Amino acid sequence: MPSPRETDPATPAIRFAGVEKRFGDNVVLQGLDFEVARGDRVTLIGPSGSGKTTILRLVMTLEEANDGYIFIDGEPLTHTEVDGERVQLKEHHRNEMRKRIGMVFQQFNLFPNMTVMENLIEAPVHVLGMSKADAIERGRELLDRVGLVGKEDAHPSSLSGGQQQRVAIARALAMDPEILLLDEVTSALDPEIVEDVLAILRDVARTTDITMLIVTHEMQFARDVSNRVMMFDGGRVLEEGDPETIFTSPREERTRAFLSAVLGT
Amino acid sequence: MIADLSALWAAVPQVLEGLGITVLLTVCGAILAFAIAVALGLLARSRAVLVRGLARVVIEFFRGTSLVVQLFLFFFVLPQIGLSMPPIVAGVIALGLNYGAYGAEVVRGSIAAVPTGQWEASTALSLSPVHRMRRIIIPQAWALMIPSLNNLLIQLLKGTAIVGFITLFDLTVALDKLRIATDVFFAYGVGLLLYFVLAYILTLGMNALEVRAKHRLGQGESLREALSFRSPVPEDGVAQGRAAT
Amino acid sequence: MSGLSWNWQHVWDSLPSLLEGFFTVTLVVTVVSSIIAAVLGLVFAILRRSAPAPIAAAVTFVVNFIRMTPIVVQLLFVYFTLVALDPLTIGIIVFGVHYATYMAEVYRAGIDSVPRGQWEATTALSMSRGRAWRAVIIPQAVRATLPALGNYVISMFKDTPFLIAITIPEMVSNALDYGGDHFRYTEVIVLAGVIFLLASYPTSLLIRRLEQRIAFTT
């Protein structure tokens, strides 16, 4: 388990300060500042290309910001300022920070050369140093939680999309992360199966205090689970607030236009 | 067709001896080539420019010069600068380096072909780069690289036919003896057939490995279900062409 | 006569005979055999695809057999059977046929890579078979095959020293002759290697560039 930290509960779990991210000439995020408090469930909404997924990928260190700083529990994630200069932190530090963060992907990304159980215990055993027996027990608990008891020896290729995504959620939870990133986790699933997966995520939100950063098109789910919604456009936070306010009476015209296009209202 | 039965009988042991050398060269050459291919293939992906550059130079050198030149390099040139070795060693090293360099491209390309999602999921689980390569990427890349490696293996087998130039008594040299004892058609007919059978056996072996590798990834039938002759040529003529240079 | 010393004199002295071998044999065989291989390979590919089943099967078997057996053995076989022909001609024919079997596969892949929808469109437009091949299929198939053909030409170029087996005086055998005469192989073999590298490496880079440009415009 990540080492317990004496963090002041007021310290935000995630803080972006002046973050800029470019892909070639395309500036996706610019001067981005926002905070996510511990235990928050924040949904990021907005048109594609607005930078929502990029934010998740930056937190997960799958991408690196071109400028600005990201803080996890008050500690810098990849870069820090030394004598006015932006300096990259050592590999070791980034690896330690990364252990507190987990992610579930749109395409599941289960390891095809391993069984379900092997997928679940791989990281806990080799990264967290858990004993194999403990990891297997935890794996079984999680499989039970996501409703896939009895599938531990199955290969990912023999599972349906929804089942694979549930294993992916269990795999991320097996690392006991403080922050869970959900990147359009139901977008690649058949509509009938979407609800099964969302039910599990609702359960996770209800029974734990993991900080969650969610990118989704499932607006009802966003309303149920989040305590904050942030509308992104052009790499900036256009507006934010609690779900009820944002969904029923948004302040910005752009937000209204986006919501009516997505929700068909 | 066969002029003298007793001459044929006398020639058979020689053919077998030649066959033995050919098989030995192929097996040892292939093992060395694979080791070199993996080493160079991984080094060619290094983030350190110097390492990557050095690997590139070695790869391009052994791909760009002819196998025959390399053979002579190890057999004629190295002894003149003090490093002598028995011809069979020169043969194995030249074959290993030449086909290992081609193999490096195959290894590198297969690793790059593993879906990005696998790399990202490994990062999301904080797996170390070494661990990720060993447990996640290479098992998946392995299944992808087998068809191209099969092609190279057959080319290696065919490449052994020139070791007569460095005084080794392989199957091709033995065929000359057989020709004298019998006649051209019989001798070379048998010879070509022997090479063909060897290539067929190697291909069957590689196909079996591929079936097993894919099965481990949850794709496809088990070994039992798939025992049939499959052409050693992969579907992609372009890749094969690229692999040939 | 040993040691790590490099004697440039050997390089200059042997260069003429090496270049002679290069231009009179290596290049000649590469160019002529490539043309034979390109044409014959296309014939093989078309036969395998469009001929009646027994003929297609026979062609497939012969193509595979030739492809999977060593060129050297094939060279020797033809050398001892067609005694009337001079070695160079034999070399050109055998290389041509052997590489035609590789080209056949490249053509097949190229033709297969043209999407089914293209064939269907020609049917929908009532185009004749011949016109469909000429105007639609072959232009698209060629994009995929050109780089592979180029790579095989380079490969053939590097295989030309196999001709030593049937006593053809090409570049490497000339190098060996010089080496034997002077008891000194180092400079002359390295020179041969360098000549190969100088000819093949830039060409293969060009082909890779061509491949990228073709892929980009598809």
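Labels for the chains are A, B and C, by order of writing; each one numbers its residues from 1.
In this text, a contact is a pair of C-beta atoms (placed from the backbone, for glycine too) under 8 Å apart; a residue touches a chain by one contact, two chains touch by 3 or more.
These numbers come from a predicted model, not from an experiment.
Chemist: With chain centres set to the mean of the C-alpha atoms, which chain is at the far end from chain B?
Modeler: A
Chemist: If I average the C-alpha coordinates per chain and also across every protein chain shown, which chain's average lies closest to the global one?
Modeler: If we average C-alpha coordinates per chain, B lands closest to the whole-structure average.
Chemist: Looking only at C-beta pairs that count as contacts, which pair of chains has more of them, A-B or B-C?
Modeler: More C-beta contacts join the chains of B-C.
Chemist: Find the geometric centre of each of chain A and chain C from their Cα atoms only, then give the gap between the two centres in Å, rounded to an integer.
Modeler: 54
Chemist: Taking each chain's centre as its mean C-alpha position, how far apart are chain A and chain B in Å?
Modeler: That gives a centre separation of 45 Å.
Chemist: How big is the gap, in whole Å, between where the Cα atoms of chain B centre and where those of chain C centre?
Modeler: 20
Chemist: For chain C, write out the residues touching at least two other chains, lowest number first.
Modeler: none
Chemist: Could you pull out which chain B residues touch chain C in their complex?
Modeler: It is residues 60-61, 63-70, 72-73, 76-77, 79-82, 154, 157-162, 164-165, 172, 175-176, 179, 184-185, 188, 191-192, 195-196, 199-200, 231-233, 235-238, 240-242, 244-245 of chain B that touch chain C.
Chemist: Which positions of chain A touch chain B when the two form their complex?
Modeler: Chain A reaches chain B through residues 60-62, 95, 98-99, 101-103, 105, 107-113, 122-123, 126-127, 155-158, 171-172, 175.
Chemist: Looking at the complex, which residues from chain C come into contact with chain B?
Modeler: 1-4, 64-65, 67-74, 76-77, 80-81, 102, 105-110, 112, 144-145, 147-152, 154-155, 158-162, 164-165, 172, 175-176, 179, 184-186, 189-190, 192-193, 196-197, 200-201, 204, 207, 211
Chemist: Give the list of chain B residues in touch with chain A in this complex.
Modeler: The touching residues are 115, 117-118, 120-121, 123-128, 131, 135-136, 139-140, 216-219.
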